[in-house]
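The two complexes that follow have chain A in common; it is paired with chain B in the first and with chain C in the second.
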Partner chain A sequence: MVNIDTKIEADILTLKVVGEVDASSSINLDNAINNAIKEGHKKILIDGEGMNYISSAGLGVFMSYLQDFEKHNIKMVLYGLNEKVLNVFKILGLDQLISIAESESEAKVLMND
Partner chain B sequence: MKSGKALSRISLTLAILSWLALVFADLTLLFTRSNQIPSAFAEELPYILRSLYFVSLFFFYKYRIKRAEIINFVDLLWRVFVTGLLTTIFSLSLKSFDLLIGKLSQNMYVVNLFYLINLGLAGAFILSTFLVWKRLILYQKSKLLMRGWQVFEYGLFASLIFVFLPEEIVSKLFPVILTILVVIGIVMTVNMKWVAYLNFKQKWKSMLLMLLIMLYLGYFYININGFEDYPALLILHHNTTFLIGIFIFIFIYAFFSVLVILFNLPTSSVFEQKLSEVVSYQRLSQSIQTEQSEDKVYEILLDSAISTVFADAGWIEITANGQDDDAIEKYEGQYTPYSPDLLYYKFRIQDEEIADIKKNLKKDKIRNVFDFNATDRAVNYSKFQSRLKQGNFKSILALPIEVQNETIGALVLLKDVVEGFNGEMAKIAHTFVNQAGISIENFRLLTSALENERYQEELKIAKKVQKSLLPKMLDSNEDFEIIAFSKAADEVGGDYYDSYRIDENKIALIIGDVSGKGTSAAFNMSQMKGVFHSLSQLNLNSVQFFDYANMALSNCLEKTSFITASYFIIDKDNKRVDYARAGHCPTLYFSKKEGSARYFENRGLGLGILRNNKFIGYLDELTISYGKDDVMVLYTDGITEAQNFKKEEFGYVRLKNLLEKHAHKSPEEIQQEIIRELYEFSGQEKMDDDYTLIIVKFK
Partner chain C sequence: MKHRFKIPCGTQHLKDVRRFLNKVLSNYNLGDIDQNALVLAVDEVCANVIIHSCYLNPDMVVELTVGLEDRMLIFEIIDQGGASGFDISSYRGPDIDKLIKTGKKGGVGIMLVRKIMDKIEMVSQNGKNICRLYKNL
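Coming up: the complex of A and B.
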């Protein structure tokens, strides 16, 4: 089960992901990101502090939007991932393609780079 | 039944012959007596012939009525009526013929002939009636009843030989025997179960027929007794116990039948209603076996409910997605009476009226009959009904249709009178609804069982395919030993490993994990195998291998799917391993020289994540020179991510420590130790993910 809260601050949209992103709940994450793109947000922050697990299906969601982000010139930054989740990103090599920050403030700095 | 037909013909012929003989014997006797000539035959002959006539007539009707397998009681009575009509008309026409001529009855021969004709006719009518009554009495027979009847019948036959006894004994015994027979007969008349099976109309008909039969009996009684006035009459054949006994019996039975039918008339509608309820109930429960759709069950439910509670209109509403073609989402619909997408089955009502009724129910704040969760309903059935203030209908009865304890819809019945429904009706309708619910449930279970079976079959095939994708033996050479272990969580897994002998010195080795599980993972895995076997023979370096693989797979993987893999080229000549990692779990390597194990932490990216030529930039190749007794452990994340009951993961550290502890052992032993530890940790053999473990030990 996953719970996604949406928050808009200035020009930044924050998606707060809480829970486990597995095969079935990854659909919720997919919908949230898809809506963000549709609504024309150019800066998307993903708060992963409450995310305690991500499956390959969840990773697949992030991966599937990489090209869309590039095409629409959207900047996405993940932050607050716990060690286990971060490791999953790293092993797959997604950390090389997605900006991952430690904290929210660091993420906002990365966002404006 | 041929013999039955033949027997009935024989007995009829015998009856006619014995009657003719009786006439001949009687008239001859009359002639000899009146002329004082000694009799040519014994005086008893007419009695014997008479008895023969009765007995053969009895058997004739017995076979005839048995042969005609009539279930309908009114038809049986109708036959008796027709027999009576024919015999009476014949007898009457004879009488009127006699009246017309006027003088015939003056002749003693004619009188005797007429008497015998009338006796024959009356005998035929009485015996045919007697056998029909037997049919009616023995309807739903019991052993006791059968015995009683046999006693009665044998008693009647036994009375036939009475006439051969001396006069004094007969006159003494006659009333006794007759009384006994009549008493048994009256006891028999208690059996009138057949009356209960007549409907209202049939009861009227039966009563009329019974009255007419009694009329005939009366006619024959008067007619035959009338002959007693003629002094010319030679023998009074009708004064036998046999005939009188039967006569009294059939008359009493007819009389009682009329009374019983009369008293049963008012209750017949109730009986009919109960019967139609049973039939409706049966139709509902059978509909599942014969019909292919839920529609039919709803239609039968509506039809039966309306007709049994005499509703003026009604409808059934079902959650629409309960009927969806998509098998998976089929039964997830939650029923609410005000939902816009309900499926309706209507009877004498329009959509607009339904909408109006619902709207008014809401507006008038009458206790909502659609509130199926009210707890008092289980106790009081009348709570299911309510009053309507507006529109044509004045009362409403709504019952929930439940399948597997979930309300999927409602049956709604309407009447144009106030308080049109009662608790009893609600109860009946409720049993119908329950039965329909069971039918629907069975229907759905059957459908899902079939679907599940098909799915299982598909999985079996997929598993077979997947198993054939994994090699039985991995290539090796004199420099290393290799052993693999793999287990799938579902029927089909997404873990893959393989090897390829590039040339004398080089062996390519791959381990991979396809994202997702089940059939699609296995399908992607088979693509990976194709890619591996076509690219490995090109003798590419490990990073180039993945670059080509990524390009090939990018075109066929789904948008959200990716594959992680590690590719090794073990080079015997140079005693080294070239290794690249496409997002797969880092390889664990134990170096004998260093006496410790470590994970290779070169950069990598999963296949299919970046589907363009930039991919190659995210991969590093690593080269290791191997030494004797070094151990390389290849695995999938199913091992490191295996959880125990505390939701802790098996983890990298545990794996590394295990390897360091057991590295000196043979590859088989190392593998067994790790698997054993894994099972011990997770507490079970069946885990959430696929897991694969390959041990390579260098020599």
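Coming up: the complex of A and C.
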């Protein structure tokens, strides 16, 4: 079960992900990112402070948009991941391919790099 | 002693699998990160079985056992689905860079299992598929 709240502040869209992103619930994350792209957002922050689990289905969602982000000049940064969730990204080296920050302020700095 | 758990074949039941595993594994003082990784690996195999072997048929059941032998945690994921030919113990998975280029959403679950576990075995006998995952403590 996952809840995703959206917030728009200046030119940044934040998706606040709360709950567990697994094979059952990853569709919600997929839809939220897909909508953000369709709406033309160029700066997307993923607030992962409330995300307490992610499986390959969730990783797959993030991975599947990396090409689109590059093509459409979209920046996405994840932040606030707890150590368990961050470790899942690290197991496959995805922390090197996806921008991940510790805090919201650090994420905003990365966003504007 | 083996701990046992059963779920109907539906991804909505994966959270119950994780709850069961977290409860069992909390006895072994693995630490949050390692415990979560083991739960993840079993969750990935269960999701794979539910979707690709049992085709989300709610009349089918996935059975799970967890046991400890000689400092080795052994997880068994047992189903009676049709995809006995798919052997995750030898499946290497695609290249991550290629996956990203194709924009596909699946494909890294079994890679995670192989990275997390020390040994994977697949056995098909008497109409059952048994996937055994081994982790040295």
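Following the convention adopted for this analysis, the second predicted complex is superposed on the first by the 113 of 113 C-alpha atoms of A that agree within 3 Å, B and C clash if a C-alpha of one lies under 4 Å from a C-alpha of the other, contacts with A are read in each partner's own complex, and residues count from 1 in each chain.
Rule of thumb we're sticking to: a contact is a pair of C-beta atoms (placed from the backbone, for glycine too) under 8 Å apart; a residue touches a chain by one contact, two chains touch by 3 or more.
None of these values were measured; they are calculated from a predicted model.
Visitor: Determine, under the contact definition given at the top, whether A:Gln96 touches first (chain B), second (chain C), both, or neither.
Guide: first
Visitor: Taking the superposition as given, does A:Glu104 touch the first partner, chain B, the second, chain C, both, or neither?
Guide: It touches nothing on chain B or chain C.
Visitor: Quick check for you: in the superposed arrangement, does A:Glu49 touch first (chain B), second (chain C), both or neither?
Guide: In the superposed model, A:Glu49 contacts neither chain B nor chain C.
Visitor: Classify the contacts of A:Glu20 with the two partner chains as first (chain B alone), second (chain C alone), both, or neither.
Guide: Second partner only.
Visitor: With both structures superposed, pick whichever of chain B and chain C touches the larger number of chain A residues.
Guide: C
Visitor: Same chain A residues contacting chain B and chain C, which ones?
Guide: Correct list for chain A: 23, 30, 56-57, 59-61, 63-64, 66-67, 84, 91-94, 97.
Visitor: Which residues of chain A touch chain B in the complex?
Guide: 23, 30, 56-57, 59-61, 63-64, 66-67, 84, 91-94, 96-97
Visitor: Which residues of chain B touch chain A in the complex?
Guide: 513, 515-517, 559-562, 564, 582-586, 603-606, 608-611, 618, 637, 649
Visitor: Would you tell me which residues of chain A are touching chain C in their complex?
Guide: Per the stated touch rule, the residues are 1, 20, 22-24, 26, 30, 53, 55-57, 59-61, 63-68, 83-84, 87-88, 91-94, 97.
Visitor: Using the touch definition from the top, list the residues of chain C that touch chain A in their complex.
Guide: Answer in residue numbers: 11-12, 14-15, 18, 32-33, 36-37, 40, 43-44, 47, 50-51, 96, 99-101, 103-109, 111-112, 115-116.
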